[in-house]
């Protein structure tokens, strides 16, 4: 018999704020009503702000982030097109697999897990592609499996340096709304995310940001598509309508989560909070004497992948957390299975929640034989949170 | 300023029962938790009961019914495959359009709007196809635009009569769970529906029932697909998991709606109720002196498409209902625009709600110049409901 | 097995608007938090606007309207005090009974059920009370049992005419927020209501408006009281706090319902809507050929008490509505039991809902032997609603 | 801008479980419907189980626990009756104050804060009251202000020892459903609680358990009462009805919380869990080097009152928790103001939540100058939780 809050520290679906939950608890309504656009049109505008784009076009497809990936590829590329990808974790692997399935000719670079997009390798490949055979470059902004962030701006620079016209595709599923992302500044042509991460909603909406260049490409792209057709959306989205029944309750939730992010807390502050909370978690892990998967400089501010000590089974750690302490951690995926567990720290979160994560993870680790000092973990994190708060207060006073 | 209930009489999304709404209002949870299958596995079993199949396999894709259509086609057919379709309303037209887009070679039969699948024409075409070039026969069980139901069992017989091995695909979006449908008895190979109709949920789940034959076909079908891949689902669904983040809150709702349909009211009773409520609406319309789009024998028990009198603008009727009386009716689609409006009467409904629909429609019609007797409409419907109830009570007493 | 909406036409608890329900679905919070007053203080201000008082003081007691009655009496009167009351329905009888229990010396005037406060009799009694022995005059604004409204302003005039200093106590439970009430203009000293009527909330808050004169009286009133002590509230309410744990979720709901009434629809429009919807119901009943309990000039705009024909059992009519048609009507109370049923039409309501009430009541009446023309009832009501809407539109255009 | 969960560690209202919240989110319904008793009658039965009484009668009054106190006194005692009380914290002081207001002749014993009911002093007073002038003995089971529990069984023994016939009144507001309480075994005549504590609901229901003896007393008790009259309830409760509109949504919530406590977790397990979680909190506080208010042997398992070090302002600690860390702690009340803060640990709680409380309290204490070792607190608590779990698992395996 479990009691109390189910502490949720997976990297998605994330904790849905109470106000968003309230907002979604609505009766059904007519998605063809004359005032339906009053609900939906501001969502497109808000998502553009989240993506920091003025010139891009936003799409919301009923489905998951995986569906949005498919929409991105099928609308803009042709079978046999050459693309450049890299993989360094479960989700970049899956993206690669999809590209293969959809018939792309993929040049894939395998990277050690713990590192991100190999910007210099990309630069080399692009420079060597004088014929511009590569139609698109794919970059995973935040690899959810390893807790690794990549330098998207660096990929842009690599493209620019060699004057390569390939489109830049970014998987932003566990990054958008939580980690700094700048669609226009970084010249991103296609960015994909889902509702269940930084947007703090249940799963059910695949979101895309599409540049003018990618939209132009979609007009001639010949990959077969139906459900995920941009053109069908474009015909109706302008007035706030959709070609098939959309998940209206998620729109109501999104309205509130956009307001919270953009108007109340402010996107910059949301990003700063993610950085602060993540740093505390990392300090706690370090105080335990454990390693994280991410190599220095690649640490993700939305998820931390923690390597358990030799002889400890990470699967059991996660299971103890769930069964004994009503707490959900993310599991180690693929080659990390049994060797790592993940603390998701994105979305609607605060210091107390991160300390809960560390406290419970500490118990579950010890229950499974890890000789760590749980108190030291909480102490290191909480001291960091206290200093960060004092620093923020001092900075605010000085301004 | 609108007050009171928004009366919702569109043919989907339908009214979500309170208990289903309660059930969906949950915090997020880990879709990889060890006990996640306790939630999801019974849903597959329940949906099989709804579809009346023992041998079929059920899929739930995050998305709309349209997505489920795409899943059906791309998993089981090959580009250039010949298929037999008919169209007699907006949704059968859209289905045809999708088949074309996905590269099928479609033999389409156009049918007068108001009638359903042309069973005899199908029989003739199939009999003439001695080479069995036709790989699949498509039939729209309930055309939501015209309020027309088709004879699916008849299509099965036509196939059997000529010993044709083509698969039978059925669009059951506005039929499943509301109108009699028997997947196994009628030898249906692919049935498609969405969560937002008879299942009484918000939009967000595309549901498919797939026969063993169709599943076998999916192993060799070469149409490109990724998001909607059956095989990815099959690998995980058995244990209750999904290849990407599913909309968990809809699962919680579905658990309750399946319980309501299958255990509490009983599927046969649900179907009988739909027939009874629909008949009342039709009698009310007849008492107004108006025609419905469906020709005799084709009347749908889930939606009635009402032809407005000459000189009356159906668009204005709907608009008056919405603006003045806080009531949503379905609009006339495509060639019915302005000439018809629709009363959706499927899902969680009762007599009082149908009388509300007639009462408000009566006012809106009169407000826009229709010379109808509103009282007569309500009187005809309510007398029918009274008699039907008395008859049901007498029948129950006799048993 | 009941399906669809439970149509609720009792005179309280009334239908809670969706937005109010959403707002109440909150986690618990600390009622001593520093910002708790941000939630509660505007509620006192809003309720003053509802009561149309600037000089009065508002109290919210956790409890029902009955509790608020007790608060009114025990805080301002002394045991043995002489008061003037009248009774003409179940609720005015109960109020009288409470006054007796609490030890008041009640001069009660019995009035024929169907009429309201006997203003002329009151005037006579007051004029005859030259010694001013009467400390308070009680008037039921809207008798919920009979569907009768009283002339509160008339009672004020009777007091003024004889220069009598007695306090004026008003039971506004089923009137406040729905029927015109003016605390300051009419010199009301104590007005009592509950959350579950015109305020469109669940039961749980007893609300009082107290004049400066009555507040002064409370300082010396010696009736024993503890839970309902004004002074305890006064000490804390100014900062938004309460002497014991208040039902916070109702405060969140009240914030929204006040916004809907005062800011969005406007109190005058709310009152006009109640008058319009009530008139339609009355016309429908008249078209059936049935009588209402209220005599001309006393009709209530929040509840209509309908006399069933000789030989028809009103208890069965109500039971049929509930069992067969999932509809709740109010029952005939005390001497009206079996002879009448009630349609509550206050709170969050619209035309369609009133027509539902008439449609279902028509069926239930016929099911129980009443020879009425159901269609005529709906027709009369709906024609009135159409005209009223046209009239309102024309008026708005002319302005 | 606050983000994430508002961590709620006040001793009431307590955290409402999600399922209870879901259950309360219902539309209004008729409290006079024929099947209303199906909802309410099991609640009376369930509450009897919670109170561990077979012979007692349960009342539910719309209101707070304070109202239930008043109901207890006014229904069973007469003005001027002599009663024995003791006070040792804010709530026992308030109870005494109410007894005085209601005209009782109170023999009150002041006890050092940190200790509970002075059983030996009670015994002496009762033994000396040979004339049996004392009509009732009052005992606060759990003093919410000081975090102190009393020996109710001891009070019973004191009464029995001297063969004193006085009734035994118990304030169980922050004890019932969380700390062992046995109405029948301990011969308690009146037990009072509120919905917002161990019952895990919002405030709004005052609950009483009344022995046959106290019920008999109520028949002749002459204290004036109206709203809180037992007899009015008794007339209707048997069929599940109420004399005035009850808060139906709380009944729906109570149905679920009773099921959780009695059927799912089991009352004994709930009580054991409270003991376990409380012990962890106390060990954490001890590891900080701080004292709690309760003296050894009097520690409460529902709330811990923590004395802050000299020079630290407890008000600021609480304020920091609220403002900086979105966490609510209870404040020090009356003479403890500024010197103590409280961690409420009753209701729907688990280990992770208690560790959150300690983690955040640790930060807030340090932020305000307390030189404590936050890590040590979490470590001590978490080690205790780990051991307790291992012990429980071993015990279960041995059985």
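The first chain written gets the first letter, and so on, giving A, B, C and D; residue counts start at 1 in each chain.
Quick note on the criterion: contacts are C-beta pairs under 8 Å (C-beta built on N, C-alpha and C of every residue); 3 or more make two chains touch, one makes a residue touch a chain.
Per UniProt, the chains are A, B, C, D = Serine-glyoxylate aminotransferase apoenzyme.
The shown structure was predicted, so the numbers you read here are calculated from the model rather than taken from an experiment.
Averaging Cα atoms per chain gives one point for each, and the point farthest from that of chain D is the centre of B.
Chain pairs A-B and B-D differ in how many C-beta pairs they share in contact, with the greater number at A-B. As a whole-number value, the distance joining the C-alpha centres of chain B and chain C reads 45 Å.
Mean C-alpha positions place chain A and chain B at a centre distance of 35 Å. Distance between chain B and chain D, defined via averaged C-alpha coordinates, is recorded as 53 Å. Annotation for chain D: residues 15, 21, 25, 27 touch two or more other chains.
By the touch criterion given at the top, residues 1-5, 7, 15, 17, 25, 264-266, 269, 273, 324-327, 348-353, 355-356, 359-360, 362-363, 366-367, 373-380, 382-383, 385-386, 389 of chain B touch chain C in their complex.
By the touch criterion stated above, chain B contacts chain A in their complex at residues 6, 8, 10, 12-16, 21, 24-25, 27-34, 61-67, 69-70, 79, 98, 101-103, 194, 196, 202-204, 223-229, 243-250, 319, 322-323, 328, 330-331. Chain D meets chain B in the complex at residues 18, 21-23, 25-27.
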